[in-house]
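One chain, chain A, appears in both complexes that follow, with chain B as partner in the first and chain C in the second.
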Partner chain A sequence: MLRLIRTESFKLSRKLKSWLGPQLILVLVLIAFPLSIDISQYDLDKFYFSIIVISLMMTAFISTEGMFEEDFEDGSLEQEFLLEQDFYKIVLSKMLIYVFFIGIPIALIGSLFLITNGADFDDLPKVFSILCLSNILLFNLFSFGNALSINKGAMLGVLTSLPLALPVIILLGRAVRTIQYGEGFFSIIILMSGISLIVLAIMPIVISAALKTHID
Partner chain B sequence: MYPYLLFIGITTLMIGWIWGVLYAPEDFQQGNSYRIIFLHVPASIFAQTIYYFMSICALMHIVWRVKLAAYLIKSAAPIGAMITFIALFSGSIWGIPTWGTWWQWDARITSTLILFIMYLGILTLHGSFSNLEKADRLMSILVIVGVVNLPIIKKSVDWWSTLHQPASISTSGSSIDPSMLMPLLISIVGLGFTLISLGILSSRLYILNREKNKKWVLEHV
Partner chain C sequence: MQLISAQNISYSINEKKLFHNLSFNVNTGEGLYIKGSNGSGKSTLLRIILGITLPSKGKIHFCNEDLAISYLGHKNAIKSYLSPIQNLELIFNQSGRALAFEWLHKLGLKNVQDELTGNLSFGQQKKLALIRVLASSPKMIVLDEPFVGLDYATNNLLNNFLEEKLREDMSIIFTSHIQPTFECKTLEIER
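Then we have the complex of A and B:
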């Protein structure tokens, strides 16, 4: 497992566009959105969390788009499978590395932008933890969609994974309200942590099954 | 067998609709606009039922590698997409006189839209691969994962404060007057038979198409 994590982190760190690109896109969207609409700062304070959530969803999708495609195309996915005889560890290590290199930074960027747009500074840990958990969920769901479609383009990946991501967005909407009203935050964070753990445990098995089908 | 089922289905559906539209009493709050329930409710029920059926087939295909189960999923998915679209469309029409809007980002409506996108995703995924065995397997995986949406649709009216009303018919009873309930139940049964017969026809055609190079198909045709 450690060898896989080392390999994956080395591979991702060499692909600058894969980990830096999504972060820059997120920053661009978060800067451009308020400029493109004519609303007061008061309205923006209310809407900005939703803008971050949707931008995060887009970024998560862009980040995972090539997660398996390149490895599949150049045969390294098959080679890893022959070495490990199991995809679970490969998928899990990929997921952990992607969340660590991309998910956590974009959660931090989102939290900082929110603070600069009117949110209370004391809410920073709450916002950051919610965005981190939602990233774990979104990265898993989108990588599932991309594992199914693998080299068939983004449209198919979106069609297959977006229906699964929408309940996460609804849950995030509820989390946003708990932060804004200052009530029920701990129950929602416990719920999200539970769902994230379940998804993190089960989704690599499902993704492995999809990848195995491609290699068979 | 399917022509008989189709005949029974359409006849029962017509009885339910004629009874519901012409003879059932007017609703004291919604007037005549409520009569769309004789289409909307059966369509909504079967939109989810078809997905349950597909998920059982997907499990059979993944676990026991039953080839026929994958054929059934592929045949049922367009019917599921069609009936989900009818449920959404009829709901929109009903929304105008009751809510004053065609569309509302309400939990039940949105989750049903997600189900519709799911059906489209399943069909697109299967259509994207030239290797049909691979397509069958990937489609089954997606169907199983998509099951997670069904309890969300079912419970959406209880978990969130929604514009959509909670279920009127449950195992503990019904809040609908019997004079309206009877034609509704007949419409549900009628649509059920119609969809089963369409499912049989669709799977028959699909199996013949998939197995067209086999000897038994040539003999059969």
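Then we have the complex of A and C:
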């Protein structure tokens, strides 16, 4: 597992486009949005969170597009199958590395933008933690879509898994309200942590099965 | 000692039979040369032997479940955005790297070792991929068209390497359109 984590982090760190690209896109969207409206007429801190949530979802969507495609195309997945006999460990390592390299930075970017657009600075840890947890869920869902259609252009599968992200968005919306109204935050964060752990444990098994059918 | 025993292996794709009732054994220190025309199912048979693809009928029995196999298929499993050195660092652990780098020099890739692999020629990429097999010490080597894209000198080198490995009791299964220079069993797949 450590070997895979080292390998995956080395590979991703060398693909600047894959990890820095989504972060730059997020920054661009979050800067461009307030510039495109007359901000003096709106309470930006009230609805800027929604913009962050949607931008985050789109960023996770873009980030996972090539997650397995490259390894499938160049034969690395076959080699990994011969070593490990399944893909669980490689999927889990990729997931952890993607969340670490992309998920956590975009959660931090989103939180900082929210604070700079009028939200309370004391809410920063709360916002950051729910964005991190939602990223774990989104990355798992979209990479499942990616694995489903890996031989037909991974974007197609990611698109089909887009509706699965809607419950995450609803959950995030609920979390936002708990932060804004100052109550029930801990129950929602515990709920999200539980779901994230379950998804992180189960989804690699499902993704592994999907990948196996493609190399067969 | 018998390593692999295949009984009545058949494979069909979309109702079309690729091959039917193939049976063969591979023993320690034995080479199996699989030949056949394009599209006859040579690569599929290799993938069935490796357990990547399931046969439509028949069974492959491995006498040792933990048999270490080194495989090189049509896909090179190398990363185009990394240098040859970095690719080898990904494939081999600390102890195996010295031998891998030695092969890099022997195959004439020293002068391109720090360039992007994606910028190398097809033959150079193939040589780099071959190091995965050349620098490892498995019990069995499985190669799919290993001679394609290689220059005359590397072809000879590979032939000699495989011959030497057979003498060291390693087993080799490979497909090729080029007759190998060393002695081995032949399995012909007819369409």
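The rule is short, and it goes like this: the second predicted complex is superposed on the first by the 207 of 216 C-alpha atoms of A that agree within 3 Å, B and C clash if a C-alpha of one lies under 4 Å from a C-alpha of the other, contacts with A are read in each partner's own complex, and residues count from 1 in each chain.
What we mean here is this: a contact is a pair of C-beta atoms (placed from the backbone, for glycine too) under 8 Å apart; a residue touches a chain by one contact, two chains touch by 3 or more.
None of the values given here were measured: they were computed from a predicted structure.
Student: Output check: A:Arg14 vs chain B and chain C. Expected answer is one of first, second, both, neither. What do you get?
Tutor: Second partner only, chain C.
Student: With the two complexes superposed on chain A, say which partner A:Ser55 touches: chain B (first), chain C (second), both, or neither.
Tutor: neither
Student: Would you sort A:Ser143 into first (chain B), second (chain C), both or neither based on which partner it touches?
Tutor: neither
Student: With both complexes superposed on chain A, which partner does A:Ser111 reach: first (chain B), second (chain C), both or neither?
Tutor: In the superposition, A:Ser111 touches no partner, neither chain B nor chain C.
Student: Taking the superposition as given, does A:Ile215 touch the first partner, chain B, the second, chain C, both, or neither?
Tutor: Second partner only.
Student: Counting only touches as set out at the top, which of chain B and chain C does A:Leu82 meet: first, second, both, neither?
Tutor: second
Student: Tell me the contact category for A:Asp74 with respect to chain B and chain C: first, second, both or neither.
Tutor: second
Student: Give one of first, second, both or neither to describe whether A:Leu164 is in contact with chain B, with chain C, with both, or with none.
Tutor: After superposing on A, A:Leu164 lies in contact with chain B but is clear of chain C.
Student: Following superposition on chain A, which residues of chain A contact chain B and also contact chain C?
Tutor: 216
Student: If you look only at chain C, which of its residues touch chain A in the complex?
Tutor: Against chain A, chain C makes touches at 50-54, 69, 71, 73-82, 86, 90, 93, 132.
Student: Applying the document's contact rule, which stretches of chain B touch chain A when the two form their complex?
Tutor: These residues of chain B touch chain A: 62, 107, 110-111, 114-115, 117-118, 120-121, 124-125, 128-129, 134, 137-138, 141-142, 144-146, 148-149, 152.
Student: Which residues of chain A touch chain C in the complex?
Tutor: So the residues of chain A touching chain C come out as 3, 7, 10-11, 14-15, 70, 73-76, 78-79, 81-82, 85, 215-216.
Student: Could you pull out which chain A residues touch chain B in their complex?
Tutor: The touching residues are 144, 148-149, 152, 155-156, 159-160, 162-164, 166-167, 170, 206, 209-210, 213-214, 216.
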